[in-house]
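Note sheet for the following structure.
Read from first to last, the chains carry the letters A, B, C, D and E; within each, the first residue is number 1.
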């Protein structure tokens, strides 16, 4: 398949890849924002002492982590209509990705928060900060330092998982490669091009993560 | 806000307080009243419960029985707004607990800006002055990891002073300092004390005790063994335990 | 193992050592030789570079220029086996750095078991004895988070003594201790010193300096300002800087 | 690798190996499916088995999903590819197709009690039309319903039926035999299958261009089975009736 | 209709069992291997050697940054062109192990970097060898940070193993796709597939939680 690798065909399909890339990017951005929101709420619930919030949060996180995205996608896409809710594919896709990644993000955030030395929490408490202030000013900035790498990992997983949305008729990046494979029977060309584009996204994300680290002013945050 | 308490006298009132860590009775039946504007020095051997005692006052440790009343509010009372109360209690930790992601100045101004709602510019000006007072004018922008032990301790003290609380609790505030610095930092603390603050200081600096303390409390194995004016305590210790302890200090 | 060095005399030899943190010259042209079995006390104001000085000796800090020779081996020499060398250098950190996931006893026995290859049972027996010596017989199974400041510091000292190294470096080993405990711990250290160990101790315990040190080194702003026997230093300080420093101690 | 296989002759190699390696795609009835008892069967599958029988070797099915099907053939993991595949000219640039062994076409289907009653209804602007990703139906639908909203699904024909049945799509476009075969899993009369075809397409098997001997043999095989009626029997059983339902 | 579908699903249970077996086998082997290699890579990566560390970094980036489908595709279909012929199961194991190792490497690196420098200094100062420093001081403390994402990664990898159907292995997800051809009820079929994964993944999650609690107790857990 490599001997007659056709760059020309790839170029011919580039516009299609471009469209797919754009879809993948904004789909992922929205989904990750959603995942962060879901994750923060779940983590906050999970860190409560009372069971009222903690138990449902834990149950949700476990259920989502223990089952494949595919099943969740079907649940939303074919299950919701049975309850009379018919949503556009894109909405279902973003919802599924957010709800799925949110569970992982929640665990990452929780682990980050628990890694903060007790003395830090006490210092915040002693100076009369409220729970929210403590979180915002003392704990989260430090937790972010440890959570940025795993969050980056989760973002990458999410970007790649978004390929699954081609199952429910969302035309994203993978779809373009598959088209090349099925129209022209050039799987090597199709897949390797997809890989190149995903790699591009990966390095983009990695740069962003590094930037956000610096941006949060973590330069001195080594102990 | 402030609820009247029957028979209220002190700014800080321990009434038969007991605390346990597992099977260890760290605080044994503590009864102690600290008047407003009083400066109390707490001393005693390592592990006797001094840190635990003052940590109870701002609710960092919970007590098992007895009553603890601070600024007229019972800590055990669910109606007590602990967050509000804590803004009036400054605390310097034995292990400093500086925020590693903030510079020295940011460490000092964080709570004034966000808790006291002082405008940033004003808070920073005050912060710089405080840091200068403890000899750190050139370290305002250094992160804790870039500071020596003594410098970190001074930032911690400045951070506490910056809140201008009613009550100040110090846990061995000069342990990491050289004698020269100790006297400078103590001078800052003395100046603050003279402005009429209530203070409890865990320290073994007997010079400080003599100079500013109205009372010395001696703890051993979780109990208050002796309590009296510095003069009484240093010259006529009442118990064998405190006599033995003092003899070691003097021999030094 | 030991490579002969020309003109070798000391156990620890600084020869024109300079160190910078960014633009800050923390160690300025340090030249200092510590003989085998000598006990040297390092003192000086906070931030003067005392911790940095002793951290250089076991290679925790790297130096920019000058030479540092320890136990006959040049630290800068790539052939020097730092791990091997460090087994011969004990270090007590100013901030203790206990292993939070190990109990007090495990903290003490970890290196003897894995570095010295002492059988576990034997190491534990020795560890228990050491902990008892520093007054922690009842805390062998406590984790650092369950210990008071002074207890943590004593574990750190026991951890260092447990390795029976040739050289011991202490960074303010009694800062978190009460006077009573200080004298007990210093007694343990004195006993060790008398067994013929080379020691450098950053401390402001002048009693200790007088009793065991052969030499006192006074640092200020990164430089060694004065160095002499305790008697010389305390009775006839040669520079204004050290006179001023001493006057503060005495006033105390 | 490839060149060695070519010079030795693929048929020689298959004979020597005693095994014909066939890549299939389990797209659903009637062409290729897993039967009630877990056995692999279907129209194409039986034809492949017939081929192996005529060759006198045993058959090994390599069951790839769509992504792996073409690579399997191109990389030489499989000797030939048996799927309900339309030999387009573009595809024939890469693989060698046999002569067509049957003709089918894309058709439109809708939910029986829905408001889309005819192919015309589906032409309305914004109609949601379900097609299979990369299948011929996808292209035909784009041509026939320029104003519609074409949704390409992955995972096989039955999912199109599911999507239409659930209301995710208004109409579906797929191969007529596939639609007929697969709709039998639903209660009779669930779907309206339009009588008019959008297109007429041949179906063929595929192999590599460096396997000319195998290609020649396969073409001869197709001639033979259509002459002796075995092909017609297969198609009558699987494609032109519901007879297979009784047995599988 | 549901009843009829369930009946015909019941007939597929041997197939489903085989699929589950394949998923478990693949995941088990590659998770064990991937964990060992991943920890090794992580430790090497944080070790002093610049060259080794950047080579590992580049490889990890490459693997993390590209779709797993493409990796498995290259290993199974393209490597033969370079003379390396692998059967599908071996190719699947290699691809999954590699993927696991790279993701775990990153997690381990982040964990190791989260250990305060004072801890490493203390270990250095007592002359612990590099191995003992890692084994006794750094890794146990890093594990607190590592464990939650590690288990998350395990679970993700078990689910990622479904991609092996592209090279002809019949795993649990593939069984779902096969069955849905005859029982065209995606919701029902994939609910059951999801249940299969749940049975495999949930005990893992529970185990991690148990371990985490045990470690937390020793550290004096943070009370927010």
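Here, contacts are C-beta pairs under 8 Å (C-beta built on N, C-alpha and C of every residue); 3 or more make two chains touch, one makes a residue touch a chain.
Bear in mind that the values here come from a model prediction, so they are computed numbers and not experimental data.
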Minimal step count in the chain contact network, chain B to chain E: 2
Third chains touching both chain D and chain B: A
Interface with the most contact pairs, given as the two chains involved: A-E
Reference chain B; chain at largest CA-centroid distance: D
Computed distance of Cα centres, chain B from chain A, in Å: 46
Cα-centroid distance, chain A relative to chain E, in whole angstrom: 17
Chain C and chain D, separation of their C-alpha mean positions in angstrom: 81
Multi-partner residues of chain B (at least 2 other chains): 95, 146
Residues of chain D engaged with two or more neighbouring chains: 67, 71, 74-75, 155, 162
Contacts with two or more other chains, residues of chain E listed in rising order: 69, 73, 77-78, 81, 116, 118, 186, 220
Touch relationships between chains, expressed as pairs: A-B, A-D, A-E, B-C, C-E, D-E
Complex contacts: residues of chain D adjacent to chain A: 66-67, 70-71, 74-75, 88, 90-91, 93-95, 130, 133-135, 151-155, 162, 166-168
Interface residues, chain A side, partner chain B - complex: 117, 119-120, 122-123, 125-130, 133, 137-138, 141-142, 145, 217-223
Interface residues, chain E side, partner chain D - complex: 1, 8, 11-12, 14-15, 69, 73, 76-78, 80-81, 83, 165-168, 170, 174, 177-186
Residue numbers on chain C that touch chain B, as the complex places them: 21, 43-47, 51, 94-95, 135, 146-151, 154, 171-172, 175-183, 204-205, 207, 244-245, 248-249, 251-252
Chain C - residues contacting chain E, complex: 58-60, 83-91, 93, 95, 97-101, 110-111, 114-115, 143, 145-146, 159-160, 163
